[in-house]
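Take a look at the following structure, please.
First chain written, first letter: the chains are A, B and C, and each begins at residue 1.
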Amino acid sequence: MQVRKFLPAVALAAVLLPTMGLAQEAEAVPGFDEIGPYIMTTLLFCMAGFLVFFMAAGFAMLEGGLVRSKNVTMQMTKNIALFSIAAIMYWLMGFNLMYPADWTIANWVGPFFSQTVLDPVGIAAADANLGYASIGSDFFFQLVFVAATASIVSGALAERIKLWPFLAFVVLLTGVMYPISGSWQWGGGWLSQAGFSDFAGSTIVHSVGGWAALAGALILGPRLGKYGKDGRVNPIPGSNLALATLGTFILWLGWFGFNGGSQLAMGTVGDISDVSRIFANTNMAAAAGSLAAMILTQVMFGKVDLTMVLNGALAGLVSITAEPLAPTLFGALWIGAVGGVIVVFAVPFLDKLKIDDVVGAIPVHLFAGIWGTIAVVFYNEGASLMTQLTGIAAYGVFTFVGSAVIWYVLKMTVGIRVSEEDEMKGLDMSELGMEAYPEFSKG
Amino acid sequence: MQVRKFLPAVALAAVLLPTMGLAQEAEAVPGFDEIGPYIMTTLLFCMAGFLVFFMAAGFAMLEGGLVRSKNVTMQMTKNIALFSIAAIMYWLMGFNLMYPADWTIANWVGPFFSQTVLDPVGIAAADANLGYASIGSDFFFQLVFVAATASIVSGALAERIKLWPFLAFVVLLTGVMYPISGSWQWGGGWLSQAGFSDFAGSTIVHSVGGWAALAGALILGPRLGKYGKDGRVNPIPGSNLALATLGTFILWLGWFGFNGGSQLAMGTVGDISDVSRIFANTNMAAAAGSLAAMILTQVMFGKVDLTMVLNGALAGLVSITAEPLAPTLFGALWIGAVGGVIVVFAVPFLDKLKIDDVVGAIPVHLFAGIWGTIAVVFYNEGASLMTQLTGIAAYGVFTFVGSAVIWYVLKMTVGIRVSEEDEMKGLDMSELGMEAYPEFSKG
Amino acid sequence: MQVRKFLPAVALAAVLLPTMGLAQEAEAVPGFDEIGPYIMTTLLFCMAGFLVFFMAAGFAMLEGGLVRSKNVTMQMTKNIALFSIAAIMYWLMGFNLMYPADWTIANWVGPFFSQTVLDPVGIAAADANLGYASIGSDFFFQLVFVAATASIVSGALAERIKLWPFLAFVVLLTGVMYPISGSWQWGGGWLSQAGFSDFAGSTIVHSVGGWAALAGALILGPRLGKYGKDGRVNPIPGSNLALATLGTFILWLGWFGFNGGSQLAMGTVGDISDVSRIFANTNMAAAAGSLAAMILTQVMFGKVDLTMVLNGALAGLVSITAEPLAPTLFGALWIGAVGGVIVVFAVPFLDKLKIDDVVGAIPVHLFAGIWGTIAVVFYNEGASLMTQLTGIAAYGVFTFVGSAVIWYVLKMTVGIRVSEEDEMKGLDMSELGMEAYPEFSKG
């Protein structure tokens, strides 16, 4: 429609009469009882999709706030680049690979070389998939999920990894690895058939990102100076906690789309009510994770630690993601609170192992993701602990081994780590020649 | 739904046929004429709810930008903590206390000890409250309002209050005080019965936050060095006006949910049109408040004052909140503009009284809140000035006295103010041991 | 509705019975088949409107991040002020001027002096424009577009233009120039009748902003020190690339509303599916523009340039804006990628001409806007290259000449440029007396 004008009242009749005319031939034009659910679910994917899209900004701000100022330009570059790569790779192969029309491994050969094709413009109701939603909305919603997975990796490996090898990893993660393992469950594959349950991706998205990050952190090694020769852990404070807090709030906002949109339907009383249940539970888990980390750091260290509180909120969110619908609000509270507790113990635990995770991505996304996947059994009667553990293990083995192979090959060929000198100088100047805050002198 | 796949065209018939079958037994499955309003209103609460949720980030950025850099970590901590506490307290007692099924004071005893229970998963249309919305959506929407109230207090008392006593106050404000006084009007209580009118909470949310802040500011006292012995007022500039501006824009965005969602219905032509009226009016009031403050500071001081412009926009928003529906756009303009004018006069007025309000929360939320509540009478024929003043006074007395008692008890027991030395050093290092911008040397 | 309470189950019957009663007199109360499209489209405008509103924050952050820290307070002030002015001018005359009920130039006399009037409160279905949407939603959606145009100008002319003359220009741009030229196409005027095609405003919004910026940049002249006497271009780095990245992500988010809302309908299967197509294409074009700029800067300069990547994403978005619906995803990819390439070549090209565009607004909004308008012909069969070029030229001549006259008159009367001394000192201290980051010492 090119003319964007509102019609004056006098023109009203001309608009209404044909509409009413159509209403009388109800067989020809389907009414809202038939098209309403399709419209609402497509809207859900659009809305939830833009919320999850915005999580890209959230990850960028969180990570940009938690690295030193000499690596902020790089962190921004990685975050916008990884989102862009995810968008293209997921169109090129990921979406069809993840959702083959009929799930058998043989059916994957085609999708490896196929590209996503949207519904035709102005699709007629008779041609649309009225039982679900438009392809465009579904594609957009699934696409923003895969980008979240890649963001997780970016945070953990910050401050020492080279730009292009990192992006090469993102190509394979978003185009191949995530879609293949995702299809096991969300594409109707073997785990789905086995009864595995992961509503919005505690395992499929978050722990997958966490495993990829863990493999990378092990092969890449810690930042210079992080672990002293005497076994001391040297804290490296983030350069901008206001930014990190903003990032956390943006992620929390985006999570309403992440979990709420995963209801995958909004056109019935039951579905929209469930979406709202999910909103309430998601919010509760984040609140509980944040408070749990706050209280625990006060008790353990005598001081509240803001970075733990932020990660506690995120861990609460990851924890509830595997089952944000079934729990009561109290259930969401304690599941999220356990997530917050996990973070407070896991961050020093990783340091003890000399695994350097710059932003705490592994505790938040991997450990709390595992916890959330297990916690499904407490409120979802259809879930079994064994199947949940099977799923966790399957994703863990596949992603960790696959990622390790990729990281190792990259390391042996192009190299993944900047030189010591460049790392000291900061990646912004050494790799990109551009400071994020050129005017603020460093203390 | 665990399998997130779109159905290929060949599977369409299988989806459509049962749907069509159901459509024929219309008595059994209610059609969109019956369920549409419920679906739309539930969606309104979810959407408006996530917008209002994001105001938590807006308050955090606004406050983080207006305090000195040595207190930014603390301000971030307080903001994420107060939201988390509000979420939990409102579930634990606030929501049921505020909306007793049948409003008599006797009916409050139960809610004091009750917790919010959501609709069952996948609720059937026959069991749902089709005349309104799902409990989850309603609860979520109301919850994010109470957090806004607490945020107001956090800004005014910044840079000198201790963390835990502040949070103790938040527990009582969000769990007890706000729900009780809120129920007078929104729970169908005595003020509602008396004809008081406050559409989205100029009084019930904003001035309540303002009164609590005022009581706190009086008992806490001003920051060191703010008021010289010779009566001079020493301006203490905010550390990051980009952040403060971002916060203001986020709050402005969230206000579309705050006021628009308060229509409490979106499933009829009249209701959705009213929501859009509210959007237009809300936007106009903010624009007018901002411009009024800009012009006035230019005229009075010879220079535009950005912090006044930001607060002017917010005051415009608070002013229109009591009645964003009835006014014409011109009405919204002048009501909002008066809000902006109030801020420009009220900020120095408070300084004259040596009431130290770090971010201007009292002018914006209390004074403009009172103004907005009075302004209802200009466009809403059902409102009477006397009843509006009665409501304003009732909320003022209850909240100011209640808050003063709590602040005083906290002061006498655990103490609410950090030591002079800690205040000079900044709360970030003294209370939390973590700087927000550790690398930027201070000029 | 003043009582915000959910009804207990026992009250359900009282709610349902009348509803059911009404359903039986279907002639009296129109059902969802008649009102559903109106409700959905009004909702689309509200949703898309708040997303586009938030672009104001995106522009502010982008610009605030790309100027030097001594001009950040000014950039914040300009951005909130221009949005406020746009909101008021568009109500005062712009909206009716742009959408005269019946498009002939004679019909413009009235709108010059008319103000927008919203639908009455609680409008009945019989009185509403059921073929479209509520006036409030339409007005709000169109209003946020005009503000975007003004934001473009603000970025290009940063760091040397005086506040009030800039705002005077905004008054004329948003109240008169944009609405008049906008009506040629979106008001049903001569370009619309000639078959020009610009879905969401590559030309009507973005290149108009770009032309106004170009005229201003030429008349205002470059910043001191930008172009050396020896012909050297001195790069002036932005002060906060984290902020600039945040701004880019916010703009990207807002663009889903910008393009998606321009479908102007959401209440049929075809329309909502088209909205989702637009989301997918818009996202793809941004991703492609960003990656194209990244790869190209690596190849050309040996280093990725983050500011080019950010502007590449924005150029991709501008490029797809003229036709976000018709292209395939691959079409969106290459159209967006060309946008990113344009930016990388256009930024140094403008420098060669000594046209100083602080944030790259002219490459992004004008050059990519022209490209996007031409690219319509590749996927929209109804578009002709000649008509597209006619439209581009018409908007260019009108806006460039009109803007140049205004800038020139302002220059000759009140002056548009600060003194050299003030420019060196920075506009924050010289014009506003308030630093954005008073505590961060400058390196």
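Assume a contact is a pair of C-beta atoms (placed from the backbone, for glycine too) under 8 Å apart; a residue touches a chain by one contact, two chains touch by 3 or more.
Because the structure is predicted, anything quoted here is derived from the model rather than measured.
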Ask   = Hey, what angle do you get rotating subunit A onto subunit C on C-alpha, to the nearest 5 degrees?
value = 120
Message = Can you check whether subunit A and subunit B touch via the same residue numbers (shared by over half) or via different ones?
response = different
Task = Report the inter-chain centroid distance for subunit A and subunit B in whole angstrom, where each centroid is the mean of the CA atoms.
result = 29
Task = Could you list the positions in subunit B whose residues touch two or more of the other chains?
result = 31-33, 36, 47, 130, 133, 135, 240, 246, 437, 440-442
Subunit A-facing residues of subunit B, complex = 1-9, 12, 15-16, 19-20, 23, 30-33, 35-36, 38-39, 42-43, 45-47, 49-50, 53-54, 56-57, 60-61, 64-65, 72-73, 76-77, 79-81, 83-85, 87-88, 91, 115-119, 121-125, 128, 130, 133-137, 139-140, 143, 163-164, 240, 243, 246, 431-442
Message = Help me check something: in the complex, which residues belonging to subunit A touch subunit B?
response = 31-34, 36, 40, 47, 51, 68-69, 99, 101-102, 127, 129-133, 135, 138, 142, 185-188, 192, 196-199, 237-242, 245-246, 248-250, 252-253, 256, 260, 262-280, 283-284, 286-288, 290-291, 294, 298, 303-307, 309-310, 313, 325-326, 328-330, 333, 437, 440-443
